[in-house]
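Okay, got some structures for you below.
Note that chain A is present in both complexes that follow, paired respectively with chain B and with chain C.
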Partner chain A sequence: MVVAASPRRKRVDDGVVTVGRSKAGTVVANAIGVIFSVLMLFPVYWVLNTAFKPADEVLALTPTFWPEHPTFANFTSAFKAPLFLQDMLNGLIVTVLAVAGALVVGFLAALAIARFSFYGRKAIILVVLAVQLVPFLALLIPLFLMLQTASLTNSLIGVSITYLVLILPYTVWTLRGFISGIPRELDEAALIDGCTRAQVFWRIILPLTGPGLVATSVYGFIQAWNEFIIINTLNSPAKQNLMAWLLQNQTTRGTAWGPLMAGAIITSIPVVVFFLLIQRNIATGLTAGAVKG
Partner chain B sequence: MSVVESPTTRRPGGSTPHRAPGRAARPRRRRQGASTPWLLVIPTLLLLAGLLGYPLIRMIVLSFQNMRLRELLSGRTPAWVGLDNYTKVLTDSVFWTVVGRTVLFTIVCVLISVFIGLGIALLMRRVARGVRLFMIVAMMFVWALPQLVAAQIFRWITDSDFGVLNYVLNFLPGVNFDNHSWFVNPWQGWGVITTLVVWAGIPFLAITLNAGLTQVPKELVEAATVDGATPWQVLRNITLPILKPLITIVTTLSVIWDFGLFTQNWALRDGHPEPQFQTLATYSYTQAFGQSRYSIGSAISVITVLLMLGVMAFYIRQMFKIGEVD
Partner chain C sequence: MRHGKYPFIIGFLVVPVALYATFVVAAYLQTFQLSLTSWSGLGKIDYIGFDNFVKLWHDDVFWKSIKHNLFLLILLPIITIVIALVFAFLLNVGGGHKGGQTRGVWGSKVYRIIFFFPQLLALAIVAVIFGRVFGPDKSGMLNGLFPASWKPWLFLADERYAMACILIVLIWQAVGFYVVLFSAGMGSISTDIYEAAALDGATRITLFFRITVPLLWSTIQVAWVYLGIAAFDAFALVNIMTVDRGGPNGASSVLSLMIYRNAFDFSQAGYACALGVVLFFLTLTFAALTLRVTRRESVEA
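Right, the complex of A and B next:
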């Protein structure tokens, strides 16, 4: 999938039709494009603007469009807020466990689907696809009761396993795409040259799937990091993540907008950075193949 | 599921002997490790069965029982009540109001977002390269923002006392938005929620559809233009037909996502949505975890999944049809 993405990008510029286009139309189009982008970015700009304002400017009746006295006070008070660091650490633990688990388990399944033909393969594909559409929230009630019985509520392990299953279908599905992208001829050449199946895996498939593993784990990271409903339902405040912290913060202490926006920025940074790194692969997992080039 | 399985799965095994000569080397090895693929998928299947399959069955069973806080604390098996929960839910006018609201929201939201998304995708083909880059960067930032963070930002922008929205609207002649609360009137509140969902959804739609548009053959469009087709005719007779499978897929996905709306109305209403801001997802959640009516909540969830089943089946069929699944 990644392999196909780079040449396609070049065509974005090459494929533009220029015949029969008026200059005035282009100017209008450019203007609309710029206005659209500014409108889209406004909320992002506003959260940054708020986070760097001192408290009195945040709650000014006439909001200023630039912090007159820029300050990091909101960020320090977010870091000093109760449970912020604790929840940040929890979020990291849960996310890393879930992503690592899903990657190992999912890679094996993806390998089977992409490289073997066996009875039941289509059924497994169907399950993996269908499961992605099941609203996980609908399952929260039985899941809560199940984990309660197993004494896994209010524990990071319970949430980690839940997140693992949450990102597993996507992981299998995406990795399957990456593995299918490796020419079978490579496997066959290696087999003919005397490699065992295990050697083919370690020396060919695993190294060549490297970028795919990175992209998939980053996407898994984003999903697990952004989740808050499950962890908020299963665990007490001391065992939640930063997203749930953002939610708690608003209800229990009134809204301190400055620190909340600073906290929101801190929480978003890893996700935004990771997202921008792998953005090209995200949509393709869901829609690739819908348009054949 | 087994209905679909039987005709399709037989093919790979059955066709093995007729494989092209180039692949003839493989069956020998495959016979050796016929169980290998199953060993590889077993961990995944076990996890899915344990944490998705079992809860799904448990949810259905729960919806026929009466599980409340007492049963939860004592650990006693809840009493079997048959269809009581379903009767209760289905005869409750509040439930039907929530269903109607969720459906209406989904239709409005999907229509607006797909329409704007397609418009933006077409616009991206028309603008200068620098402007297109600016549009992509802007949309990427919006797309990357976590849903909850986006909702919190909108809550701040629409704050009645210090929100920038009221401040800006006050510049319009003849209106006064001082201390205007956007969530007193449900239509205005849903306007904010819809804006948030559309705003957050446009990047995926526009960027995906734009990628699809790059696959429309340039020669076809130019030939039509030279032959005197108007831009509208080109759009209707060339671009949209080629783009149709992709539009179908992204629309289906949008329906599934918007129908399950939870985060946005949940966060904008401080985690306690008033009755007029409930959707099926929050309603089921509130029944279960707010009022400890786990069985009623489960029944609502079952109905929600049943309502979505058609759309989900359509999505999967579409994925098989376009050959992404081989």
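Right, the complex of A and C next:
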């Protein structure tokens, strides 16, 4: 969201330029915006609407746009549903492990790519990019076999490693960009002052990459938290996450839409919160990225 | 910075390289290998040469799936990119030009968040939501909104419209991200260019086609590749939303769904791997072709 924010100005018609811009055009543009926003939001609104309705209103033949007797019953019944809390915890563990692992591995790899020139560097960059193109689904069978041989199916560790691999390319790529943005002169100055190279990485580059680490970890969190195909294939229901839980309950519970939608809302909350965080952090990240002399 | 760099390089790269060697490279090699077998997923592995691929060639569902993937491959990028471009344009320069400032339409910050919202929802949740939207009886959202006298539309349960419903959901989910992507690109186009063109009497539409689109071409190209890859996948939505997973009567089957079902439901792991090989080459061909065909002289800003 690096859009040049135009400073808020008073709407003064100082007669400067409005060449080729009709008032009618502006009205049409705004109207399109509003209509499209409604289309984008309506399904989300419907989820909220359903989640707060008691069961009889959900199934009413003439649906209402507002719950007449709003209730939290759907939320409590989602929390009490079998495996809900268990799967929430699983999702959290798997996500945290994968993101933490990807940050460590990704930061070091990005350092190597950004700060050293060596034989095979181009090839590594190319592979990192290409991996994002290939369809992951075709890898599900060999993946299953490999993890089975290592007795890592139906385990949170196996899934964590898989997620790590999944979010690593983005992590490496983004951090590489951040590290390249740090002037090499800083490294050299520190080396002259008697730092070892390891100290340069630890004390200079790592802190300056901070905003990049935040941005990539949020992205990684969203990816891992929202994933369900892999965890659903590798693990049994007691070792799955909330996405998989949601799907299971969609089929087994039939028409219990209220609790299901409440579950969907609870499941989405972490991601929405992180999105709001990333927005602020990207802004500070951009200003903090400038190294002051 | 020359002395003793190799210990660092090797130390830093050994883990990621090892991970990719096993999880991606070795895994793909294994997919290729298994595609030549009649393996069920358990027990003995027998090599049968290219029989799986011959079987594919005569498989109706396979051709239906290819057709559906192509349907998505053509329509998903075009529609999404057009909508996203128009909105990014509205948000950034559509509000007219006053007091020496080019700006977006009123409320553009709010729109940006609204459009991005679907991107935050997991595909699993999106699929569940749209299952409600397209509910085939009066309790479905759309059918509920239709006049009471109408017969409920079947949507996903109708062979003719099942794929169109999937397409709509994919677009709904994708648009926000591309609005943000294009907005970022437009932010880097100097406003001087717009000012100059506006002074020369260019209308919004001229600005859009003569300035925005050419200057954003490389971003559009990237968007095209990403959306194309999404069109090749589409597994999550089809798997969750469609009737009988890929139905009715194969009307919404896609390649990725065939892979999954053959591997984990029909015990035909060998056949699934053959499908995986096909999908692999289709995706790479598509990416290479897109980058080649859409290449054009970059416009100097």
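FYI, the second predicted complex is superposed on the first by the 257 of 293 C-alpha atoms of A that agree within 3 Å, B and C clash if a C-alpha of one lies under 4 Å from a C-alpha of the other, contacts with A are read in each partner's own complex, and residues count from 1 in each chain.
Please note the rule applied: a residue touches a chain if its C-beta (ideal position, glycine included) is under 8 Å from a C-beta of that chain, and two chains touch if they have at least 3 such contacts.
Owing to the predicted nature of the structure, the values given are computational and were not obtained by experimental measurement.
Superposition note: with chain A as the common reference, chain B and chain C are in steric clash. When the two complexes are overlaid on their common chain A, residue A:195 makes contact with neither chain B nor chain C. Once chain A of one complex is fitted onto chain A of the other, the partner contacts of A:266 are absent, as it touches neither chain B nor chain C.
After overlaying the two complexes on the shared chain, residue contacts for A:46 are found with chain B and with chain C alike.
When both complexes are overlaid on chain A, the residue A:257 reaches chain B and chain C alike.
Using the contact criterion defined above for the overlaid structures, shared-chain residue A:148 touches chain B, although it does not reach chain C. Legend: residue contacts after superposition of the two complexes on their common chain; A:122 is shown touching chain B, with no touch to chain C. Judged by the document's definition of touching, chain A residues 11-13, 16-17, 19-21, 25-26, 29-30, 32-33, 36-37, 40-41, 43-44, 46-47, 50, 58-59, 61-63, 105-106, 108-109, 111-112, 116, 118, 124, 127, 131, 133-135, 137-143, 145-146, 161-162, 164-165, 168, 172, 184, 188, 191, 197, 225-226, 228-229, 233, 243, 246-247, 250, 257, 260-261, 264, 267-268, 271-272, 275 lie at the interface with chain B and also at the interface with chain C. Of all residues in chain A, only 8, 11-13, 15-17, 19-21, 25-26, 29-30, 32-34, 36-38, 40-41, 43-44, 46-47, 50, 58-63, 105-106, 108-109, 111-113, 116-127, 129-131, 133-135, 137-146, 148-149, 161-162, 164-165, 168-169, 172, 184, 188, 191-192, 197, 225-226, 228-229, 233, 243, 246-247, 250-251, 257, 260-261, 264, 267-268, 271-272, 275-276, 279, 283, 286-293 touch chain B in the complex they form. Chain A makes touch with chain C in their complex at residues 1-4, 6-7, 9, 11-14, 16-21, 25-26, 29-30, 32-33, 36-37, 39-44, 46-47, 50, 58-59, 61-63, 105-106, 108-109, 111-112, 115-116, 118, 124, 127, 131, 133-135, 137-143, 145-146, 161-162, 164-165, 168, 172, 184, 187-188, 191, 197, 222, 225-226, 228-229, 233, 243-244, 246-247, 250, 257, 260-261, 264, 267-268, 271-272, 275. Residues 1, 4-6, 8-9, 11-13, 15-17, 19-20, 22-24, 26-28, 30-31, 34, 41, 83, 86-87, 90-92, 94-108, 110-112, 114-118, 120-125, 128-133, 138-139, 141, 144, 148, 172, 175-176, 180, 183-184, 186-188, 191, 195, 198-199, 201-204, 206, 225, 229, 232-233, 235-236, 240, 256, 259-260, 263-264, 269, 272-273, 275-277, 279-280, 283-284, 287 of chain C are the ones touching chain A in the complex.
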